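Read from first to last, the chains carry the letters A, B, C and D; within each, the first residue is number 1.
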Amino acid sequence: MNTSPPAPLRIGIAGLGRMGRRHAENLAFRVRGCRLVAACSPVADEREHARRELGVSRVHERFEDLLADPEVEALVLVTPTSLHAEQTIHSLESGRHVFVEKPLALDVESCLRAEEVAARLPRQRAMVGFVRRFDASYAQVRHDIDAGMIGRPFLVRSQTCDMNDPSGFFVRFSPTLGGIFADMSVHDIDIARWYLGGAKAKRAWATGTVAIHQGLREHGDLDNGIAVVDFDDGRMATIYASRTFAHGHETTTEVIGTGGSLLIGQGAERDRVAIRDAHGVRRIATADFYARFRDAFVAELDAFVAACRGDGELPLTLSDATEATRIALAITRAVRTGEPQPL
Amino acid sequence: MNTSPPAPLRIGIAGLGRMGRRHAENLAFRVRGCRLVAACSPVADEREHARRELGVSRVHERFEDLLADPEVEALVLVTPTSLHAEQTIHSLESGRHVFVEKPLALDVESCLRAEEVAARLPRQRAMVGFVRRFDASYAQVRHDIDAGMIGRPFLVRSQTCDMNDPSGFFVRFSPTLGGIFADMSVHDIDIARWYLGGAKAKRAWATGTVAIHQGLREHGDLDNGIAVVDFDDGRMATIYASRTFAHGHETTTEVIGTGGSLLIGQGAERDRVAIRDAHGVRRIATADFYARFRDAFVAELDAFVAACRGDGELPLTLSDATEATRIALAITRAVRTGEPQPL
Amino acid sequence: MNTSPPAPLRIGIAGLGRMGRRHAENLAFRVRGCRLVAACSPVADEREHARRELGVSRVHERFEDLLADPEVEALVLVTPTSLHAEQTIHSLESGRHVFVEKPLALDVESCLRAEEVAARLPRQRAMVGFVRRFDASYAQVRHDIDAGMIGRPFLVRSQTCDMNDPSGFFVRFSPTLGGIFADMSVHDIDIARWYLGGAKAKRAWATGTVAIHQGLREHGDLDNGIAVVDFDDGRMATIYASRTFAHGHETTTEVIGTGGSLLIGQGAERDRVAIRDAHGVRRIATADFYARFRDAFVAELDAFVAACRGDGELPLTLSDATEATRIALAITRAVRTGEPQPL
Amino acid sequence: MNTSPPAPLRIGIAGLGRMGRRHAENLAFRVRGCRLVAACSPVADEREHARRELGVSRVHERFEDLLADPEVEALVLVTPTSLHAEQTIHSLESGRHVFVEKPLALDVESCLRAEEVAARLPRQRAMVGFVRRFDASYAQVRHDIDAGMIGRPFLVRSQTCDMNDPSGFFVRFSPTLGGIFADMSVHDIDIARWYLGGAKAKRAWATGTVAIHQGLREHGDLDNGIAVVDFDDGRMATIYASRTFAHGHETTTEVIGTGGSLLIGQGAERDRVAIRDAHGVRRIATADFYARFRDAFVAELDAFVAACRGDGELPLTLSDATEATRIALAITRAVRTGEPQPL
């Protein structure tokens, strides 16, 4: 008897901006077990790109039409943050699996509403794009922690640092991003929780500065921020976010335990090439987070698709997203009030 | 007017052993613009795997049947080395594009015969799997050389070093591999030629030892070999091959020019994780060449498929394979005779 | 006319414990322009060591006798912290130059009293042993900052992490050391001030844990501590101190500016040797702070002696020590109260 | 009973050029257990420097006068290579210990004559300045080999590469240096022998090029040379010498064994500082061999002085120097004849 492999998962994507297009290309060409059958964007050029370059035949202008498309089994949401939670809920209620880019929302209430809907509909998968969990190095560290390699982990030091964009292009978007911590540090927060074994955050403290992009001041935002989070049982995390690195994007995470430590990403090398010339012995750094996590962006959708097709569990839930948002908001309050925030 | 993308290239693969299966999986799931429509293997389990896991419906026992399969536009040959040249010729003469694993042959005459056939049939693509050219770091170095970053390159130092297999499994295959240099160093030779800008080899010298696997002595083979090749215009290459590394697979290549040098692969890190514990500060090395060049194996078939579909030129020709074989044979003669070999 | 070099500075050392003996050996054999002529220690064995191994003929039991020794031009104080300020004052008042180990005191008032005496006696040199300023790498970074290599520095991240001593020997001394920050982090604090161009500290926040050495709890001390210090003009420092590192001593400092960053000490390699074996590719870390700063301990006394002999200025003053103590105390209060401390 | 320490060894130095001055300063200020009491140089300025800066009172113009100086117990010879062997012999015959800079001679016969004299006078110490043996990293590797860390060592890969001097100043001295291998590679040869456990060289092969300094061609010399030496029992060494590195001086040595490998000097970092800026993540390399081996130059004289004073054995003999010269000469013949040279 011939057991044919299960049919590919039919996916529709909402949002074809910079990140949306990348996800769409991955879904069209690199993610296993799926087909990108539909897409929606309010931008005509983006729709045309999906048709022509990605071979997507069902292209919609409005999210509602994508939601009504009967060909779609799962939705990938790469829309503005303010829409994430609502669209997640609608996707689930329309019977679809849903993958939503981080953060799930900029307020805890919206996160909890999405969680509730997901809990009511356990047959549908819902996942937030905490892409680092799917990076080979980040996954290896979790594996090593579980194997006892560093004893009891008690401190995570993590940073997300972008190469400076002298144009300050991002300054105008600052208000919609919820501040530097909500935009950049949710990844670090999620990883800290993951590596500290589900520790419960108790208190947050933060500070920061505007080193270069003075325009951020009017939004009450920073281009360099530092946070310290105390978890229960004496576990801690320190987080650094910068938008002004000179040499490239450098995401690093260190987890320190009673028997050793593991450090990811030091050096941020673009590739395996060392250059030796009048500037010394040098490595070129990765240009941006996408160059750093290119493979992980495929792997996270591989995992999502596999779980939707009944092959494996999702390694994270919407409540992970809620908790990351809750901590990021406390950090943001701490920096604004100058007072440590209980959690 | 709608310009639909060209149809996928229909590929048949010959050989489903360890490397054949990897190529087949890449063709089935990762390489863009193609479909793996047919496969052949004398081994029933391998054929079954192709059917069940890779969804290949046209599965043959004999190469002749694959060659006769009208669905196949291009052949990927991952068969024993002794068959490479002949099968390449038959593939071309039957009107197919052909990708053949390295080395093209263990004698120059066979290489030249394949070259001649390829020259007669210029509409069909023929390419040997010098996978390193498609590795991001190796390609970057060629790009940097072309950009003048190191002045005039005059020395390449390259090594291919495998982690020791205490079982000595490979000893029994030694005779069919043509010796350590023909098996392992053809990659280094090809890269040296590529980086030295088409330099012409003039003389080879070599030495070596059996450090661990005494069984190699009866085949006149080595488990550690060193070669020096003089090219024209004072350009040089030194090559090291080892089957006995303790910590992992370490392929490194350094190219030294009058204005700087570029070094690929030092450290051979498996990932971006540093471990700090009682053993010091350490990185785990890649386990084997496939772990090291996983992405490049996809990229080389991406390039092959694209060229077959009229999109881009192949970056290497069968004459590159001939030259690599010619030099590897001279090196092998040098180590056996104890005399420098003119080229 | 023959200008003979100035006579060597005649030095007496107080304290011949672990660090005292090291300073004494440096003064006897490695520091230029001085002679170790006298020593004092309450421990008979230590006095005997000074006589026999270091060739010191004038060996005293009590500090008062050393202070009264007419042969001594300068004093090097390596006594318990609680004596530092008072002995510094007495040394100055007796007409001697004085070098005192860090910290100058565990309270600001004592520091200020010593500062006042030193200000009254400007012909005598007074210096605290902030040894890192004399390390070649730390000095190079200050030089690079001054040369504008990283633009405006706004963030220093610095850590002092000792290899875990499973015996917990240090736990009993914890009360006399003033807590982990006063003992270990004064170095980081001093360096942060130095690299941030004399920034004025405004606020401190801290947290920490007892990861291993439970005995510290009864002294209200920690074995891992984290502090954040805000300086004026948006400059910041984060400080980490650990007594529980598994792989060795790792002091690192990073200074981040608007145009780049400089990082000292990453990896903490003992030497230039990389080991490749079954544990991976690894470096052995420095065992302790003395192995790390061995040369700097000589260089700081070279600088002190030169300044006493009229050759060059001291690169730091007692007010640097006062400020480091003031900040360390605020950090210590922050961790105890859970409240950010103004400065 | 008081056992006073032995009197310092009274040293005279011959030669106060670039290296001579460095040795003299080390003897005057850094080497333990000795006093620099005498010096000779044909250059008036150099003699004045010794008097004024180093406090040497007995300063001679001619070597014969130094040799006749009754105050001198040991001689340090930093004279032109062509004088080394003869002056070594005269020093020994006049009853002095002798330290001579490498190489001992550019012909084997002179080496052997010096060896014979030294053998006749076993109470006097004679040592050649193979400084690398006294470098902490090189010594550590020998220690690790002896401890069995890498099994049986069978391959040494070693290089001595100087930063390019665009002025080509060294070209005019090329004839007196005996060619690139005799000048630079004797260090690598000595280390290879040391790490391979006294292996006996059997055959040498070499090649090379003039990459930049065309003036070397008229002397039959090279600015980049490669050598391969076969030792007995299948042990091997590859050696690379370059005068044209772009980024700094990089001496590296790798020793490969059946159970692992040890690598010294990769990266050649000047200090512990990493720079991250528009050029990437980079380290500055050591400028020259003296910056790299500064401490080892002191340590080798520490060892020499200690041995002269009866404290410890010399770790190398004149026969090590003879063997290094013998191999360097064979390499030089190999590159000139194009034929492998038996040894």
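Convention: a contact is a pair of C-beta atoms (placed from the backbone, for glycine too) under 8 Å apart; a residue touches a chain by one contact, two chains touch by 3 or more.
Treat the numbers as computed from the prediction; the structure is a model and nothing was measured.
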Pair joined by the larger number of C-beta contacts - A-D, A-B: A-B
Distance-maximising chain from chain B - centres being C-alpha averages: C
Mean-CA-position distance for chain C and chain A (Å): 43
Whole-Å separation of chain centres (CA-atom averages), chain A against chain D: 56
Geometric centre distance via CA averages, chain B-chain A, whole Å: 37
Junction residues of chain D - those touching two or more other chains: 150, 245-247, 259-261, 266, 275-278
Of all residues in chain B, those that touch chain C in their complex: 245-248, 250, 267-269, 275-285
Interface residues, chain C side, partner chain D - complex: 3, 5, 29-30, 32, 55, 136-137, 140-141, 144, 149-150, 259-266, 270-278
Sites on chain B touched by chain D in the complex: 150-152, 154-155, 157, 203, 205, 207-212, 224, 226, 228, 230, 234-236, 238, 240, 242, 244-247, 256, 258-261, 266, 338-340
